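The two complexes that follow have subunit A in common; it is paired with subunit B in the first and with subunit C in the second.
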Partner chain A sequence: MELLKEKWPGKIAEITIGATNAEGGTRASKITVGGETTLPFLFHEGDMPNMPRIAMEVLDTEPVDWPEVLKKPFGDALKDPAKWAVKCQDEFKAEIICVKLAGTHPDFGNKSAEDSAKLIKDVLQAVKVPLIILGSGDDEKDNIVLSKVSQAAKGERCLLGDATEKNYKTLTASCLADGHNIIAESPIDINIAKQANILISEMGFPLDKIVINPTIGALGYGMEYAYSIMERARYAALIDDKMLSMPFIAFIGQEAWRAKEAKTLFSQAPEWGEEESRGILWEASTAACMLQAGADILVMRHPKAVDVTRGYIGKLMGNK
Partner chain B sequence: MALSGLGIYKLLPKTNCKDCGFPTCLAFAMQLAAKKVALDKCPHVSETAKKSLESAAEPPIKLITVGVGEAKLEVGNETVMFRHEEKFYHPTGIGFSIEDTLSEDDMKKSIDEIKKLNFERVGQKIEVNLISVLCKSGDGNKFANAVKLVLAASDLPLALVTDDAQVMKIGLEETKGKAPLICRATKENFKEMAGLSKEYKAPLVVSAPSLEELEALIKNVNTEGVRDLVLDTGKKGLPEKIWDFTQMRKLALKKSFRTFGYPVIAFVESTNPLEEAIEATTYVAKYASIVVMKGRNPWQVLPILTARQNIYTDPQKPLQVEPKIYEIGQVTDKSPVLITTNFSLTYYTVEGEVESSKVPAFIVTCDSEGMSVLTAWAADKFTAETIAQSFEKLGLKDKVKHNEVILPGYVSVLSGKLEEESGKKVIVGPREASGIPVFLRNLSK
Partner chain C sequence: MEKCKIIFKPSNKTIEVRKGADLLASAVAAGVYINSSCGGEGVCGRCKVVIKKGKFQTEPTGRITPEEKKKNFCLACLTTVEGNLEVYIPPQSRLELDKTKKEQARVYRLKGLYSESAEVDKGKPIIDEGIFTHSPVSTKVYAELPRPTLNDSVSDYERLIREIKSKYKISIMQAGLRNIRRLGALLRHSDWKVTVTLGKRNETTEIVIIEPGNTSKQNYGVAFDIGTTTVSGQLVDLNTKKVLGTKGTHNKQVMFGDDVITRIMFATEESGLERLHHAVIDNMNSIIKELTEEHGVALNNVTGVMCAGNTTMMHLLLRVDPTYIRKEPYVSTANFVPVIRAAESGIKIHPRGLLACIPGVSTYVGGDIVAGVIACGIDNEEALTLLLDIGTNGEIAFGNKEWMACCSASAGPAFEGSGVSCGMRAIKGAIERVEIDAKLNAKVKTIANSKPMGICGSGYIDLLAQMLKKDIMKRDGRLNADAKTKKIRKKDGELEYVVVPKNKACCGYDIVIKESDIENIKRSKGAIFSAAAILVKKFNLTFDQIDKIYIAGGFGTYLDIENAVTIGLLPDVDRKKFKFVGNSSLIGSREILLSYDTMKKAEDTARKMTYVELSKDPAYMDEYISSLFFPHTNLEKFPSVK
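This part shows the complex of A and B:
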């Protein structure tokens, strides 16, 4: 018997988040993801030179809909984004912090672009790890907020998002001007994912600074749709479709913690078992599935889920 | 893999005798390839040709059945590497290991816990499938007692686990006619284990530490006349397991390599309960047909069964619910009416939120061919016209006396048109189902 080893002509782009002093930023570390020349974890067919990484999520507003088991590890830090980020970095060993400016949304706080820019400066001061910065998802407001924020973080080589097929010009221009990477979002659709990448690159944006957000669902809530879209996109990339050859970012935490199975109290569903481990595992299981589909950056919430997933990545990479 | 018409033609007598009812051997071969006639229409075909044609008609990965009756576990017969190419057919069997060294009480308690591991999600039952009895004692009588106890307490199929063929035989005596999974044949014991597999008509796990050694062992076991196999590559790291499983599946499907054309089994090694669960989920995603684990906390098993449900869903056929007017709670003719689509995930998410709001309500599921609200709207399957028709067809006017309906916030653009089409007063509801409880409670104030 002869093994059947694929030889892939394609390669996923390598993107680096965070700029050190020498590179014009102020980060103590930088993180590189991507660069795969194989389907996930098939090391006899190709290489995964950079392991998948976990970013911990920090919100600009104290979360209102988080269950108790998710709030508990952070305590009062949830009220102060900079403190929250420090806790993630120092206590929970986060390698990347993902700040979501949810409170800038016109319906959920309507915080100003200036306040957001200041907040990002504070977080950049407070932590030394690279940043991912997200808008609220309101196109108009994001264009105002993210331009300011991008300037405030100029030279730090952050990862900013999300650009969509319908709303990418302002963010692409900002990222280009201020030296950031960009997240291109698509609604679980491989064609739109590709289209968004083409549109962004047509503005002169380098392909090795784009990350694909395929839009995922939690385990049990449409996970399999994203799973298959990611498998298809990664396959296309490896047979050398340059417009899909970008690393994936998967927003695990925000999806997993919306699931009923993650947040229902033990008293309301005793047949599902103890609630804290259940929530943590729902998040970690969603992460595990997305890693098998090719995710490169996981944005997560619960420190214990982060810890378990980090251990799992270590095992998958053969602890190398 | 199936042969082409020309491939079959080469095996036929090529005499064009027409005894099969077709003008030429080639025409007959084409019909055979299309599975429109059976080979026995040709009275002259040689025995060798018959054998190769029969084996070519076999599925590339054999279907294996563990256990008997309603709870039997069928695995294998998979046809693709990626679920988007077609679908995965036979969901991974999830099994739980019980050791024969446990006290009788502990064993009963364990079995009770395993029996509780079934849940309902999006209208489907998701259940565990197997109890694996491990002979840790090395004592045939202890093993037999454990097997008896499990059989008395549960209908789930069994796996019997010991490398000692004598002990295995004692266990198999207790499970006659129940087709348990014999676990396992190694290069040391394969003759005896193969004999037991034949004698007791039970499928056999074949285990070797590398693909090369496994290939040799399977061939040996096949030579013994045993072909109901499940494959194992032993203890090793996670990426090595993924590599083995992927290679075996690929060789069976892409190279028609029959030696690996059997379902595979994985034994979860992690001992930390969280790690154990995600290891099991990994095997579910990566081609394992049976996964055996120890932990049986419901919070560990629910995500594994959910991952299995997700991965094994037919990507071409989204799960759907029947288009109808669902009644949640003690509804009256004054209860609010929510509109959504008949995509299972959408419906059950809405249903869950309506339930948790404690406000009795009707949910009208319009037939959107199983698409979610936004997708159906974009595809013109969820329009003012189709929604208004659903009200008519499903008899909404017989259920409620008021004239208000609640439309999902994402399709608020439909509200004007829907008022025109249906004559109802349309209230725009929240975009996400998670907003429903607050919305309904405010509405009822």
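This part shows the complex of A and C:
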């Protein structure tokens, strides 16, 4: 019996993060994601030329709400973003570093744009892998900080974010001027995802430099909702909706470690089992689901969860 | 208790109120209308007045600018009377009764409409050649009865009936006891010459009025469209079928809430239903009064009134409690209302004159859309037709003579000029056309070419389309602060575009469009487009497969189809398919007033229409959200808009 196969006319855009010396940057490696012509891992229907990649998260300030089990692997490096990034690259084999400038938020440190620009330069010096750089989520401050940071990283072809449909102009202009890719964020809404992409592209920004952050929920916190939105967007892309044909970025770590199931101490809930593996499993399970939904870049936190997920990707890609 | 006297300018109406009374309530009591859409909550800022003289207290509000404050502007609803006052009501706060301007001339006459008036001889109803027969709700016939003799001793009542039957071939089924009681004396005093008004009450014909002499030439009726935001009436000569005049006015119920839901909630408050009922009856009576006075028609010669309106409006008109309309499972008290005496509802025409309401389809699709279907002749044609009635309660009908479906979309009053900062109805002084030149200045055309006072629905459609084309506005409806013009500015933390500067306007302030206005219009157009899209999709059809698209609504004299497509209010299909029909509900109401036989058609239509409840359709919300973009999130649906 012959297998019924779907023929998709569309293709996800391929985007490359990081620029080598030859390309005007200073990265030792570059990463390409996207390019799918099928639903995730359905190799008999189409191709998935680039495997999903994992970025490890680094914050510009020492994290305050991370549980011990999450802090432990990084030790003192948490106090110095550059060291932290090096540890992720060398020890945990991170292929991409995602720097979140959380401390620039007016309510949580209010660090200046200049300090952030310097920090990014330091990280770029310290590691050789490509960077993702995120603002704090405060629109006004992000517009100031990210344009400085973008200049500081000019030519490195980073991935900067997040642009929202309400606040996209400044960041789009910066990324365009300094040769970066951009993350377009939408609140688990396929229409707004598309609208944000249209608005950004109408400023002359190339479609193959946009990554969609669909916003996700962790296991038990709306993960299936995120899944269905991503699935719908991917269907639309594969039937050739150019405004949705971008790779996805999924912020697994921040969502999974927000769950009380991941954070609660053993002493507080002994019936949930020991805390050492609980959070890690929570993060890895969320990641597995998002891979199946079509995530191309996973931003994660715990090295063990990263390890497990990397193994999982390897197995899935092995079927190719 | 201390009394204070208030004089309202320019009407010079006065009233005495107790000290400390609320100024807005005092104005209402004095019969002075002041705009207010929030119902006196101090929110909408529409009840601006100027205190010329006297003592008062007013609460501070952001709705009054510092310049206005210097000139003694205040919000009537936040002001209490502290002494004798002279209060000036500026034009923008006033209710202007106005003609909706020769509606006849501009409305494209549709095939299947009532044929043009023919000569009617001697008040005798004639059978028309058109699709609708001439059979007004109330007909007057003149009868000269043979005097009774010993040989012809049949009773007065039977004599009258016999005469009418033999002369006019009309079988009378009944007459009121009151008429019979008066009959003996009346016939003898009038020398056996009387005019009889016959009314159609559902399946029967009854004697409504008997008058001495021959007044059969004077028989008039008024057709109404009772909209959530606008009430329009048309005076018609029931013999000649001629339209004598049309008037439109703001529905006074707006004082108690902008949309039907707020009003239903208000109706449950103490005396709320009565106040809503009186508000609309006042509207109708003042329209009837002005029309009859203008055309020298005696109120007693107005014998019939026909109304079309959404289900809630009909409930309020008849003072039927609308509470259950908004409670699950959303059932109205009556969609088919029998013909009643107009006086029972408080309408002032001949005391025994009739009031008929066009039947509705469901709780949220009323007689107005049924009237629209009749007016456009959709139920007679093979052609697949979509009728979009763009009002506060947007209603959409779809089908042809074989089948019909409908749905309603809560569009809000933005296209009628409410809920937007410089909005107004399509009356004199309203900006109805806008073009934006290369220097990003707006060139406007107003109704009656008078000095601009505000922007009406068609003006907003032009304005948004132009702003989008000139990149003053982005596709999500935000203004482009980087556009090279000083006309975009930030005021009170919000971006706005100046359409007409203060010195060229007659309202005393800059006519602007704010981002929040655009947001409101975006929601309105999104609600209408998405409702139409879902309705069409329900039948596995696409917009391209539709033969005709009729657009109805109070847009005034003009609607630019191209611009309406550009902003995504209308689908991007062959422009030849579109026809702007004006107030189709009012036209339908008039047709049925003139041809009661058509009421049967309306009833059939109402029964035939399948109501599609959008809120039950899981795809609706998604389609709505994707419509909240100019023209649409799925740009490929609008290939001609670039």
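The rule we apply is simple: the second predicted complex is superposed on the first by the 318 of 320 C-alpha atoms of A that agree within 3 Å, B and C clash if a C-alpha of one lies under 4 Å from a C-alpha of the other, contacts with A are read in each partner's own complex, and residues count from 1 in each chain.
The working rule: contacts are C-beta pairs under 8 Å (C-beta built on N, C-alpha and C of every residue); 3 or more make two chains touch, one makes a residue touch a chain.
These numbers come from a predicted model, not from an experiment.
Colleague: Kindly say whether there is room for both subunit B and subunit C on subunit A in the superposition, answering fit or clash.
Modeller: When both complexes are placed onto subunit A, subunit B and subunit C end up side by side without any clash.
Colleague: Touching A:165 in the superposition: subunit B (first), subunit C (second), both, neither?
Modeller: A:165 sits against subunit C, while subunit B stays out of touch.
Colleague: Once the structures are superposed on A, label A:202 by its partner contacts, choosing first (subunit B), second (subunit C), both or neither.
Modeller: second
Colleague: Name the contact category of A:194: first (subunit B only), second (subunit C only), both, or neither.
Modeller: A:194: touches subunit C, not subunit B.
Colleague: Classify the contacts of A:28 with the two partner chains as first (subunit B alone), second (subunit C alone), both, or neither.
Modeller: neither
Colleague: When the two structures are overlaid on chain A, which partner does A:265 contact: first (subunit B), second (subunit C), both, or neither?
Modeller: A:265 sits against neither subunit B nor subunit C.
Colleague: As a test of reading the superposition: which chain, subunit B or subunit C, is in touch with more residues of subunit A?
Modeller: Larger number of subunit A residues touched: B.
Colleague: Return, as a multiple of 10 degrees, the angle whose vertex is the Cα centre of subunit A and whose sides reach the Cα centres of subunit B and subunit C.
Modeller: So the C-alpha centres give an angle of 70 degrees.
Colleague: Quick check for you: in the superposed arrangement, does A:243 touch first (subunit B), second (subunit C), both or neither?
Modeller: Touch status of A:243: second partner only.
Colleague: Taking the superposition as given, does A:277 touch the first partner, subunit B, the second, subunit C, both, or neither?
Modeller: first
Colleague: Between subunit B and subunit C, report the minimum C-alpha distance in the superposition, expressed in whole angstrom.
Modeller: 7
Colleague: I'd like to check the shared interface: which positions of subunit A are touched by both subunit B and subunit C across the two complexes?
Modeller: Shared contact residues on subunit A: none.
Colleague: Show which residues of subunit C lie in contact with subunit A when the two form their complex.
Modeller: 474-476, 478, 482, 622, 625-626, 628-629, 633-636
Colleague: For subunit A, which residues count as touching subunit C in their complex?
Modeller: It comes out as residues 165-166, 169, 189-192, 194-195, 198-199, 202, 241, 243.
Colleague: Mind listing the subunit A positions that touch subunit B in their complex?
Modeller: Listed in rising order, the residues of subunit A that touch subunit B are 1, 3-4, 41-44, 65, 187, 219-224, 227-228, 231-232, 235, 258, 260-261, 271-275, 277-278, 280-282, 284-285, 288-289, 292, 304, 308-309, 311-312, 315-318.
Colleague: If we count contacts the way the header does, which residues on subunit B are in touch with subunit A in the complex?
Modeller: Listed in rising order, the residues are 82-84, 116, 119, 121-122, 211-212, 215, 237-239, 242-243, 246-247, 250-251, 254-255, 257, 259, 272-275, 277-279, 281-282, 285-286, 297-300, 302-304, 306-307, 309-311, 313, 315, 345, 349, 352, 374, 434.
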